[in-house]
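Listed next: structures, encoded as structure tokens.
What follows is a pair of complexes built around chain A, which joins chain B in one and chain C in the other.
Let's turn to the complex of A and B:
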């Protein structure tokens, strides 16, 4: 079963326009000024879906939908956001069952708008169930996985809705039945030349997960901090949405350009506290003060270099090629400001981009790190075409075999 | 004591290698790129070069190739974060005598050196 990059782009656009329609409906009902911040398709383990929701309390509305495309959707919003919505709908009477009913109705109208665009594009009808009001902590708010195993890879659509003048957590998730989605993608793959076999995309995702584990092991070995790979996923988003994948806080890290098949850019980022903790774990002697010094940044530069190699070496070994990268360039800025110029360079040749997004963390000290890879999508497709699925586990190379 | 030249663009890594090696080796130079590595080798003729691969201006494989072409008896250990099989083959072709991947600890560095320059 193949998917083509053009279809992924079309489906991403459909989801984005659906989310815009849903958001416009909400604004019309409540008077709240809102817009869709970002929409992306993600290939990830089912067990990791909703991981980004952390441990926050959410309310939401769920639907099943069926037809040429089937699955589940969920409107997910934080409690403050829900309260504001119901107050706007039912001023002075926003408590209890009435509030739930209000959220349900907003969800019903929004999600109808979201689904209708898909039905129109597919020139068919998509039926959806009545809305179900749900409450939950973190990813518990999302529909259950049913028969899908935690390590099964799934495509998930997610749109983030932002309000003007307010910071809210407000999302639309669509979790299509995978058979239904891949059949649809195959049917709409109108350019066989840029098609990617879904099983190879799955293998590539596993390779990036292994790369993340290797990078985490390298950090542990260098710093003594017991770091674990947490989430690794492949996002597909419009170029203008790529910078929004990275947080708005300040980050320290390294950027490299890699060449080979595929070429692209790779970022290793740490928030400032994590950077300081990791750097000090590398240094033989302590450093006074709270500021990042030249010693910290030199250590981060080398850590980023080694993590970069740990991440891409597995790709090169499985693909039986070499991937070169430039010496690491230190970056220290707002997250989006760091990735923006790289996205712009990739965007000279493509409208959408795959963003490989991996995270690692530890509970021992405050430490989190994120790796973002931005490959050229045409070259990634070519690389996957060359990929021998049976070599998927061959990520490590042993120098002793060659230097005897 | 064996004389060692360290070629790595990372000051942090040069410091780390120096700390590991200086007890049993004489560090005769530290350079930041492949061009400087070739020049320093010609100048110092050390017993061993610890050579990074990814360096600006000229990478470590090209530098190794030039050193080994001009001085076939030179001893060069690639000391790199790159763990790609194809890159290791390139290093073999360039004449490298050993290969250790970062992150490393003192025992693996000493073992690699012992293999190439037995004490």
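Let's turn to the complex of A and C:
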């Protein structure tokens, strides 16, 4: 089964417009202004779906849908958000059952808009079940996997909706049945060009996970902090949505340009607390004070370099291509301003981008690191095509072997 | 695109705050504060017409629309500025009394080997487009190797520029 980049773009746009339609319905009902901040398609392990949801209480509604596209979709609100919404809908005492029916009603209106948007585009009928009210902590709120295994890779659509007046968590997830989605994508694919076999994309995602594990091991070895690769996924988003993947705070890290097949950019980022903790683990003596010194940033530069090399070498091994990279450039700035020029450079040639997003963390100290890779999409497709021809056996085998 | 003309909002003493995302624009006719964050090589272009009280902000990402096929005019410096000017006019502003303030266009993490980086080209195209439209640039904080976040107080037309490692500036 192949998917082409154009149809990924179209489906992403479709999900975005569906979410916008749903949000507009909600605004009309409640008088509360909200915007769809970002929509992306992500290829990830089924068990990682919902990783963006904090460990806190959420409420929402869930639907099954069936037709040319089948699957499940969920609207997820945090508690503060659901209270504000139900108060707007039912002013006064909106506790208990009333709040629940308010969420159900809003959910019903929003999700009908969302599903109808897809059906219109696909010129087909998509049936959906009545809404089910759901509650849960973190990602438990989302529909269960059914017969999918936790490490099966799935495409998930996620829209984040942001209130105009406040920052509140509010998400629409769509978990299509994978066969139904890939068939539909294949139907909408341009047969001429651009096609990426889905299974190769799966293999590539596994490689990236291995690369992240390698990078995490390098960090552990250097710092003595036991760091674990946590999530690794491939997002597909509009170029202008790429910077929104990074938090709004300040970060320290390194960026490189890599050349070869594929070319692109790789960014290693640490939030400031993590940067300080990681750097101090590398330093022979303790450091006074809260500030990040030149010593800290020099240590981060070294760490970024090691992580980058591990990661890029991993790709090159698998893809059997030679990938070089520039020396790392140190950055310490607003997260989104750091990734913005990289997205712009990729955006000179393409409207959408694959963003490889890997995270590692540890429970020992406050430490989290994010790796973002932005490959040229056409070159990534070519590299994967090569992989199909020359390395078919190896890729069918356990990817771990390739990282020995 | 949303437009805030005061009729949709509850009466409050503090001005409304509107966030403008990357490749987006917004217009205010009621003194709202328009803000955008994380400008690296991107540029925030703020327009203000004192007489009509109409202001707007666009966050552009790439220099010229022709270079890429894309449906969103606010993504590009040339079409983004033109679109914002037209929107202000549609809301009662007069081009002859508009002034512009611009910020961003950093060359941080620019790996271009030949010619100018994206930040510089973005700035050039913004300046050229404004000049063609006869809109003067009365304040700017452009270039350097650091990111910026900006806030347009549309009541006064003041543009506040914040950087990660510097004091904020009022243009």
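A few notes on this one:
Everything that follows uses one rule, which is that the second predicted complex is superposed on the first by the 385 of 404 C-alpha atoms of A that agree within 3 Å, B and C clash if a C-alpha of one lies under 4 Å from a C-alpha of the other, contacts with A are read in each partner's own complex, and residues count from 1 in each chain.
Keep this in mind: contacts are C-beta pairs under 8 Å (C-beta built on N, C-alpha and C of every residue); 3 or more make two chains touch, one makes a residue touch a chain.
A quick note: this is a predicted structure, and the numbers were derived from the prediction, not measured.
When both complexes are overlaid on chain A, the residue A:320 reaches chain B alone and has no touch with chain C. Contact with chain C, but none with chain B, is seen for A:348 once the two complexes are overlaid on the shared chain. Of the two partner chains placed by the overlay, only chain B lies in contact with A:218; chain C stays clear of it.
Contacts of A:336 after superposition: chain C is touched, whereas chain B is not reached. When chain B and chain C are set side by side, the one touching more residues of chain A is C. After overlaying the two complexes on the shared chain, residue contacts for A:37 are found with chain C alone; chain B is out of touch.
In the superposed model, A:80 makes contact with neither chain B nor chain C. In the superposed model, A:255 lies in contact with chain C only, and not with chain B.
Of the two partner chains placed by the overlay, only chain B lies in contact with A:298; chain C stays clear of it. Within chain A, the residues touched by chain B in the first complex and by chain C in the second are 326. The touching residues of chain C, counted against chain A in their complex, run 2, 8, 17-19, 21-23, 37-42, 61-62, 67-70, 72, 75, 106-112, 117-119, 146-149, 164-165.
Of all the residues in chain A, the ones that touch chain B in their complex are 218, 221-222, 282, 284, 298-299, 301-302, 305-306, 308-310, 313, 316-317, 320-327, 396-397, 399, 402-403.
Across the complex, chain C is touched by residues 33, 35, 37, 162, 164-165, 239-241, 243-244, 248, 250, 255, 257, 265, 326, 329, 331-345, 347-351 of chain A. Contacts from chain B toward chain A in the complex involve residues 9-13, 19, 54-56, 80-90, 92, 96-103, 105.
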